[in-house]
Structure formats: structure tokens, C-alpha cells
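Scrolling down, you'll hit the structures one after another.
One chain, chain A, links the two complexes that follow: it is found with chain B in the first and with chain C in the second.
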Partner chain A sequence: MNKLLLVIGILALVVFTAGASLAGDYHSGEFLICSDCHTMHYSRSHDMSGATGTEFTELGTGGPFHYLLKADPNDLCLMCHDGGTDEPDVLGAHANGYDRSAGALNEVGGVDTYQDWMGHTLGSTATAPGGTFANVDGLNCLNCHHQHGYAGSGTTDMAGNPVTSLYRNLKYYNDGTGNKGISYTIDVNDTPADLTKDVRERYGPGSTLSDHYSQDNIDLLEPAPTKSGIAGWCKNCHTSFHGATGGAEVGGTGSPPEEWLRHPQAEANIGALGGGHSNKGSRGLGGKLYRVRFMSPTGVWGTQGTAWGDTGAPADLTPTCLSCHKGHGNGRAFGLICATGTAPIGEDGDTDQAKPLCKQCHTQG
Partner chain B sequence: MRKIAAGGLFLFLLCLSGSAIAGDYHVNGYLICSDCHTMHYSQRHSYSGDPTQVVYDPTGPFPKLLKADVNYLCLACHDGSGFAPDVFGSNTTSYVRQAGGLNDPTHDTGYGTYKGHTLSATDTAPGGTWNNPNGLTCIDCHAPHGITEQFRNLWTSDDSSDKFHNKHLTYMLDGQNDLTKDVFIVGTGFGLESRYGAKSVKFNEPDPQKSAYASWCGSCHENFHGSGGDASMGGAHGGDSGSTPWLRHPVADVNIGQNLGSKSDQPMGGGGGGEDKSSLTVYQSHTNRVQVMSQSGDWTNGTDVTPSCFSCHKAHGNKNSFGLIFMRGTGTVTEEGDAGTTGAMVDLCRQCHVQ
Partner chain C sequence: MIEKLVRGDRSRWRIRSAVALVVALLFVSIGTGLLAKSLPKIKENVCLISYGWSRSEKLKSPGGVFFYARKGEIYVADTGNHQILIFNEAGTPIVRIRHSVDGKEPGTSRQGEPKQVAVNSRGDIYVVDSLARYLDVLDYRGRSIERIYPGDLLDMQRDDVRCAAVTVDSADNVYIGVSGEQSAVLVLDRKHSLIRRIGEKGDGDGKFKAITGIWIDGAGKIYVSDARNEPAVQVFSPEGKLLVKFGVHETGPHNFSLPSGVVTDEFGNIYVTDSLRHWIGAFTSEGKFIIRLAGGFGTRPGDLSFPTGIASDGKRTIYTVEKAGARLQGFKLEITQLEKD
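And then the complex of A and B:
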């Protein structure tokens, strides 16, 4: 199994513990280490300090590779991000002891118990559902993540707030008005969130992998009440799944909007409408002890394990892509988080049925 | 050609696996969101990863995140699938359906648009004022999310402004009758015929002056239903005593052959003043009988049997005009009655009448 270059691992560990801004922004700024990924001559017998462990010298077979990479992109990324304990393990099962916010990628033909219909599939040449994008050479990590983690000056998030670092180094997206980035904030010990950001990590500098990448510690904010930075980003490939209310993609009319053509991922507050729509009372979201993640403009998500009851749920929570899906995938069809609301939510949820996920907010049945 | 939508296999497995399924699929634990809804109008495989179980109406996306227009969607499973009740046109399985077959203007395979309920029809309901200007759909009658204890998920509502206000139509399953319920499904097990076959469905009469079934039909066909003495019905409680003739055929409140000895029970060919009345003797003389309500639960020898809508009509329709059941009394029973499509209306009338 390929492993991380020790020097980088040590550096990363130092950085984690030292408290610089880290989480998704490794591979960015001062933590963009050229030799993590590149080799000048496709020949490494030792690292920069002379160490000769295979974790430093390993190169992908079949090279040399374009861009002076050590290996093909997926192989290269997975050298550190599959099976490691110092970096987020993003492929298939992992053993790092926390429920990953993004879940798990899979590969063509499946990996572990993660089938290639359970989320994003490395190597897949399929066209993105709802869109036209396909990588004829197979989906790779760099199709979504910016390998150099750059956040250019002048870039803003969907709400128009400046972005100085891209969440998880996710690439820019274009919302029709120019490049946008997903903004984020790293709080210190669960301090109140910066409500102008798209995403919040609860526990900041000096923390563990779990603090940075556990689903329990990642919150979704809603700096613009009619938009979702996450959904805007996903739209890059899944084009027709997302769009403005009233548009051809998702439909929706009125205020609060209803009559959707596709499930809303912004502007639809849970419980804003009665009848057969979503419900934030005890029969719906308010009755759930454990809730999937929603965007909040006020930073109020409640406490997992405690139900809001009939009247306690905030009126401004909005579902978005990551409410139902794992960014990478998981062990369920479509990477869905099948959560009943009665038990702590693991990466797959707590059941193998999709309906309970619907019933996080909806009451039918 | 109707196609199997995602969830079809799941539905099939549920049907085989055997929980409470009979009009109470699409309700409570058997209301499966993904049977009908798609979040993004883009589904390439089922929830078990099977890419062959996914078919869409290609003209979407559709309101309410449905996989297709309502009728198309319902018929994806309910027309020819083999695993769900076939409700449209002829039955692909071999039993006589309680409700018969729907029709629509574009699929006349013997089920013409004058032979029962017509999907997509914009006509005003006979006897009433209601119509669907966008065309009749399955969910004009059936609640898509089910209603607990409501037969076949037929609509009822607590809303006093709703045409289905308090139109409860209760039922019992699996051979365990309860005379306080409106319908009794005699069949046991989970085969389609056991649940949806005409032989498996009986009708109770919890209130001898009313028919919950007729009341339900009256939600649209308003003037066709009521108790004896109602302005739309004429007659009187317990039948026509001679001074208050019926204005429309009764659907409740009069037993077959009631008022024995006066005008309501006459032998075949009997003369006198009672020629237009029903005869229990005649009704019970038939081997094949149309369905009736019974207050006592004795549909064979009971003296308390009352006709209602289903006695003469298939709820969905059949190959006869008005979805009528031409039942002479002997022979092989089909959805059109034992006289089939070659019979006549008089065959049906003579189930009870003597002329």
C-alpha cells in the first residue's frame, strides 16, 4: 500500500498541531508542497533529508507521467488518502475512527463494500447525471479538487463574500457571473460561527483529523437565503439538478416557493409550507433526535440527540445537496444518508432504506 | 407501451413477501417515496444498483418531483406489470378483477371511453358538477400517499370543503370480518386475486339506511346517491311503499324484496301492482349473483341484502357500456358478467327484478 511521504506527514502533523489554518487547505498556500506530488526526473531514491523509506521513494508504475507527477492522479492522491492515518482516507472503508463528512469514494467495479452506484466513482467515464460533463479518461480527484488549492484575489462565494481559501480545495464554479468559491471558516472550540461563510468547521487549529473531517464537526451555513454555495458548486457537473427558484431546472413558484420540478437545494425553508410539504414540527424534523445537515443562516442546528419538538425547530433551515448525499459517497445507493432520526447518524445513516431520509422532513407514510 | 418504473422490483418483492398489502400498499410502511418520486429527474439505477429498473417518461421533469405524469406513472406498475394490480384495459393475469379495467381515449382495446371511467377525460361527472379540466387522473380518486384504514386508499378528508369530506370507506383483511366495517376482503394471503379478485371482496352494511360506498361515489356523482326520501333519490326509508316512487335507482336503504307481500317481492313474471319491484326469491335463485351489501354478513341466504353501486357497475369499468355487469345467473363469470359482452342490460336487471 502506498503511503505518505514521511517528511510531508511530519510537516502536516506539525501544522495540524501548530494551529495554522488547516482543513481542506492543505495543498494550498504555504502547505502546498511541490514534492508531495511531483518528481523532477521520475527517479527518487531518497527524500529531501536523505531518508529512503518507500513512503518517500515510491513512484507510480508506467511513468514518467505528465506534469512530472509521481503517478497518475488517482493513484497519486490515494498514496496518501487511502489507508493512511495522518490524512483523510477517502476511498472505501477506513479505520480512522470517525464518520467522514464526505464519506467514501468508490472505484469502477466497487471497492470494499462500496459499489460503483453508491456515489462518485473514480475512473468512471460516465456522464454526470443531470449534466454533460464526463472525463473520457475516467473521473479523477482533480476533476473536483484544485490540486494547488488556489483562491485568487477577487474571488467571492455565492453570497458575494470574499474567499481567501477554498473549502476542501474544491475548484471554482461559475454561477453565470464569474468564478465563485465555497467559503469556510474554522472556529476555535465551537465558538459562534462566521455566518458569512458557506461552511463551518467547529474545531479549529490544533485538532485531529476527526475535528476537521468528521461529519459531526462540519456545519453548513447559509449566507444568502436564496442560494447555496454547495449546490452552486455541484451544479458545475450536475447541471440540471440545481438552479434558481422558478428556473427550468428546479421550478418552484410563489413565496414561499412550491411546485418544484426537482428537489430544492436552496431557498426552501423546512416547514415554510403546510400540507404535504416539509414539516418542522414533531411529525417532521422537530421529532427527530438525530438530523441530517441543513444550511442555517443563524448558526443554529440544535443538539444531536435532542429533538426540537413541535415548536422548537428553527424556521430558517434549508436542505441542500449535502443534506441527503455524501460528497464522495457511502455504502448506500446514490450516496444517500439513510437516517431514521432515532439513532446516531453514521456515514450511511442508520438504516438501509431511503424512505427514512425523506421523512427527516416529510410526514407522508 | 407502459413501462416498469424504478421501484417496481421492490414492489414485486413486497407483494411476494407478504405484509399487509391490499389497497394499503402506498400507505404507512408501504408508502415508498421512490416508487413515484425522483429528486433530480435523473436516475440511472435502482436503489439496489440495477440499471434495468429505471424508466422515465422522457418529457419531464414533472411537478411534485414525480417520475412521470400521474397516469403514466401509476400505469407503469398498474398496467401489465404482473406484480401489481392491473387496472387498465384487459387484465394480464387471469382473475376477475373487482374493479375491472379503466379506459382512455388512446387505448381502446375493447374498453371504450363510454364503458367506465376514462383517464384523461375532461367531462363533468354524470350526476354531478365536478370535472378535472386537465383530465381525469388516478389520484382524483385514490390518495397517492394512502389513508390508513381506507379501502383502496380511496380519498377521504377532514376538510369540510373537500368533496371527499368524511367519505370513510373502511375495510377488513384476510378473512376476518367486522360488520362495522364497510368492506370485507375475504381472500387470504397476498396473491393479487386474493386481494383484488371479485370473489374476494364482500360488502358489509354497517348502517342499513346508508352505503358508505355509494356515498363515496356520490362525491362526484352527487345525484346518484342518497337514502330513501332524499330529493335526488325519491322513495322512502325502507323502500317504496307505493306513494313515494324512486326517482333514481336506490343504492342504499332498501333490501332486495323488501316490503314482502305488498309491492316489492314478486315472482318472475308476476303481475299485479308490483312488477317494478325487486324479488329476493329471484335474486337468490341465481347461481351467479351480483354483489350486494349485507348487514348480517350473510350474502348467500341473508334477507337483508341491499344493492349499491358495485352491484351493477365495475368501479373502473369493463367492456360493457357504463361498466355494467351483465349477469344472467349461470355460466362463467367474467368482468362483464356471465353474459359477457354479448349480454344485455336486462340480464343485469333481472338479477332482482321480475319483468
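And then the complex of A and C:
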């Protein structure tokens, strides 16, 4: 009897562990099957039943490819994720109606108006600005995403909380203190946010693509007041663009810290520092009808279309990388979100000028 | 004595068993032979390869292809180059039509991403564009003369549904595959009035999730390929009654990964492109797998690299375009059909 219980216990453990390993919302048994993307020996002489009717002894002259893939990873991903209306469309112009939270990737040589200096460039062998990362085979989707989904086990976010599922299944990284990842929470119909996560996804009824991927439904939270999971993740490649205040990368020395070498992305709240720094009052962020996204420890960063006015913006809003840049890129240089604050913010912002973006928070100039 | 009897019984049993086995094998082989004979033999020969408008302007991520029987022309939705290309039967490009759609700001336009195309007997061109919520109707010169919103036809918000596929039958009826919040095949008469709706969004028989291709055969039967629904391929009567269904998302040559289009030949055999398996599957009119035509990932003639669309002359020639391969290929079919459907 005891042995039976032991066996049942082990089986239960195996089953639950297997279930946990499938966490994540990418390609985890939802629709695709392994052989959609992989081939064991880059050959196909018969199917699983041995049935005849197949004439191929090899899959073709184009491969074989790394990771037993049937084809170049970008081509595989883009078969569904470019121009498709039933999956997120990530390359160039958008086939769906909403403004993408991550914006648009481009390719070497550009994709129409999405040039290869406007964000992340598939196929690029260039070294990441501010870092040393480069893919000699060309940048591909798998450099950033766990295409199979990843439970995040053993991974913590910047606040030190265990990560149980990674936002967009962005790859985890090791910052020298352990495996780090970006955590997220899904709030169904705007139920109260789990403020211990890095990102909040507002999930509406019907589960449309827009619910998951529209910039209107993605908020940046701030579980650790002096850290940013987003910035930490970007640092993985763009190394010296991020660091702690006072550090060699970004500076910010003095009291109050003003002498920045690079723009802070984690610690400096808007309007918190004097000396001509950012302004959260009505002349600065508080007067903007429409705002780019900021990290908020409370999940509250105002309502688009309504200015804070004389009361000013909350004092706990913090800019991070995705405040000014689209993760994938967009139709502006460096993937900048050029927003004047006077009109709804599309993927590119609402202007082709960068200055208004600075003036979301700053009043100089 | 007893031992001899036993040995004798065993011997007779062995003989009987052997005879039974031979008879069974005979039946199986006859049955298999009959089965094999009941399947047509099909072989393809590459008859056309085209890489685009010119050496300097090759096809870029083409999404769809249509054979215009009246003139023997092949229309290709050259998605990445924002245009429709027209080839003659030899594969020489003869006309290109730039396609644009509404811009984000009222009164502006931007380059389109046409992904499917069809042509009626008057030469009017129907274009499905990924960036538009409407079916664009162009005259033979490429000027937009009408827009058909599936949202209007379904009494829904225009932004909630979009065109996913289009084809035209010999009577100039237009068939629109709709995707989005609702999914269906809408049948319009030549004046673009809705005359029938087939199916709805959902799983299973008679339903659709992500329509990728529509084809109408000479008898008016409607063939629909769907990237997500199971069955992956469904055949309907002209009145919309489900007649044949086959294919699920699984391993095996009779199944699919990402079916991207469907056509038939003059015998009623069915051909389905699979974007992720890089081949064309041939099936009987009942949906029984016959053979894989063309394909194998690569760039040689006959290889395929992410085929996204398929067209047919309705007889013995089929055409396909490849998204990553960036080619138009044509295949002449050698068909040994025992009896014509």
C-alpha cells in the first residue's frame, strides 16, 4: 500500500512538473506541433506510420539548419507573424487595427518605411549599441524570445520576486546575481493589479489580439523603486546604456544627482530632482493630455486624454527604456515614440520630431 | 500411437494454417491492388518559374496567385512590393498594378500589402489587402472602383472583420473568406449583393477559424482551406452543404501544418499547399491522400520555400507562389485517372 502511494506520489510529481514546464503563452501545445518547425535529420522518407506516398529522401537544398529547424528561424516565425491577421504581426506595417505595444521590427535594408535604423533589424550582424552582443548569423527572433514558452523557474525579477512566467517569453539572463526575467500579471477586466510584477497586461473579454498586444492595454509597473526589469533586460545587450545612479555607465553624481552621462532608466522619478530637471507640473508632464508610458509602483499613471493640470503628475512615475522606445522599433529613428502630448499616441507617436518626446517631461528648449 | 496422432494433427493444422494464410494474403494483395488502382497516379513537371517583375525587382513575400482563364494570365499578389503582377502563361511579367490603401489620417493613402487576388470575366480585379478592412475592386487598369466591407455584409463593425481570401466563379459570383470576430464564406453575385453565407466562426465541421484559401470547381462546389480549424479542408455544395472534409493538424502526409490554399484539377482531385511543410498535397475528390507533389524545402525547380498560395487552370496545370522562396512556379500534371468524376 505504501509502495502504491509512493508510486502515485511520484507520478503526480512528474505530471505537475511537466505541466509547469509548459507555462507561458507561446507555442506551448496550443496549436503548433513539433514537426511544424523541426525535422530530426533534415529528411523525410516516410511518415510516422511508414505509409508510402512520400518521395523525399531529403527535405531540400536549403538546409540543414541549427536546432533541427526546417528553415531559417526568422522565415519560420514570419510565416505566421508577418502580415497575418490571426497572430501578432511584428514586421513592418501592421495588418491589425490596434497600435502594437512592441511596435515594428525591420529587416536589413529596411521594410518600406520601416528602415533598418528605426529599431531592431532582423538579419543584422551589427554589434548592439552600447554592448558587445552580435549574432554572426544575423539577429533573429530567438535571440530575444523563448519560442516554446518558459516557466521562468529559478528566475527572479529585479525586485527579487520569483518569476513564474516571463513577459512575452523574453529570454531570461544572468546579471551576476542569478537568473533574471521580466515578470507580468494579467488583469482580467481591470481587476486590481499584482503590483509585484514588472508589467501589467489588461485582458479584456473575448481574448482578442488587441487585448494582449495593444499598447493601450500594457502598463509598466515598478515593484522595486530603484530598479527596472525592462531596463535590466535591455542592458543584457545594450550594456552601458543602463546602470545604477552614480555608476560609471550613467553617472548621476552629486546631491541631488544631476550630472548624468546617460539618461537614467530606473531610479529618477519625474520631477523629483531640482536644478532644471524634469517637470511633473502643468508645464511639464502634468500638462500633457497624452503621455508615453512610465513605470508606476501603483499601476496608476493617469488617463490618456486627460491632463493632470495644476495638481501635477504623480511623484512616483519613472521613465524606463520603453517610455521612449518601442521594443521592436517603429517608423522613427531608434524606435522613438515621438509624442507631442496633444494627440493620441500611435506606434510612432504623433509627430516626426524627437523634441516633443523630450518635452513630455522636460521644459528646457 | 498417441504421439503419431498428435504429430498428424499438428501437420494438418500447419497445412490448413498455411493455406489460410496464403488465401488471406491473396485477398489482401487483391484488395490492396484494387485500392491502389482506385487512386489516380499524379506526377508534376515544372513548366514555369518566374522571379518577379525584373532582375532588380524580384517578388517579395508573395501571398497569393490566381489563374485568369479567359486570357491565360497569372495574377500574383506581390505583397512585399505592394503590387499585383500579371504574367502571361510563359511566366513573363506583362503588367504591374501598385496597390494602396487608406492611410491612418483621413484623406491619405499608403502602400498596401495585397495578399490575395482574383479576376472576373470583365477583367475586374478583386484584391485582399492585409492593411485594409475591405475587398478592393479594381478595374482592368488597376483603378479602385468599389470597396466591399465584409463588416457591412455581416452587419458588424467594419473593424471587427476583414477579408482573408477571395475567389470568383465562372458566373462571376464572388466568394470572400472572412476572418476576425466572425468567420464565414460570403457568396456575392456579380453585382456584389450578398446571396449566401456559409459557416461561422468556431471549431469543427462547417465552421472556420482562419480561412486561407477558397476555390470553386466547374460544378460550383466550394473548397475552403483553413489554417486552424479541423477539418483543415472542407468542400461544400453550391448551396453550402458540407460534402467532404479532411485533414487535421498532425503528422502524416494526409494532415497539415499550415494549409495555405486549395484548388482542383479537371478530374476533381484536390491540391492543397502547406506553408510549413513546403509541399503540395494531392487528394482524391473524397479527400483521400494520393501523393505529395513538388516541394521539399529549397530553391531548386520543384522545391518550395513557404508556399503561400495556389491556383489552377481547372485542368492539368497548377501554380504556386512562395513567400520566402519569392517565386512563382507552375506545374504541369500528368494524371492517370481510372474514371473521370
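One rule holds in what follows: the second predicted complex is superposed on the first by the 299 of 365 C-alpha atoms of A that agree within 3 Å, B and C clash if a C-alpha of one lies under 4 Å from a C-alpha of the other, contacts with A are read in each partner's own complex, and residues count from 1 in each chain.
Basically, a residue touches a chain if its C-beta (ideal position, glycine included) is under 8 Å from a C-beta of that chain, and two chains touch if they have at least 3 such contacts.
The shown structure was predicted, so the numbers you read here are calculated from the model rather than taken from an experiment.
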item: Touching partner for A:G63 - first (chain B), second (chain C), both, neither; value: second
item: Touched partner set for A:D36, first chain B, second chain C, both or neither; value: second
item: More chain A residues in contact [chain B versus chain C]; value: C
item: Which of chain B and chain C A:E222 touches, first, second, both or neither; value: neither
item: Chain B versus chain C as contact partner of A:D175, first or second or both or neither; value: neither
item: Which superposed partner A:G83 touches (first chain B, second chain C, both, neither); value: second
item: Which superposed partner A:D211 touches (first chain B, second chain C, both, neither); value: neither
item: Shared chain A contacts, counted only where both chain B and chain C touch the same residue; value: none
item: Contact footprint of chain A on chain C as seen in their complex; value: 61, 63, 79-80, 82, 104, 110-111, 113, 115, 130-131, 133, 159, 162, 164, 179-181, 209-210, 227-228, 249-253, 257-258, 275-278, 289-292, 295-300, 303, 305-306, 323-324
item: Touching residues on chain A, where the partner in the complex is chain B; value: 115, 117-118, 126, 129-130, 238, 240-241, 251, 259-263, 276, 324, 333-334, 354-355, 358, 362, 364-365
item: Touching residues (chain side chain B, partner chain A) in the complex; value: 27-34, 39-49, 60-65, 145-146
item: Of all residues in chain A, those that touch chain C in their complex; value: 31-33, 35-37, 44, 47-49, 51, 53-56, 58-63, 70-72, 75-76, 79-80, 82-86, 89, 93-95, 97, 111-112, 206, 208, 346
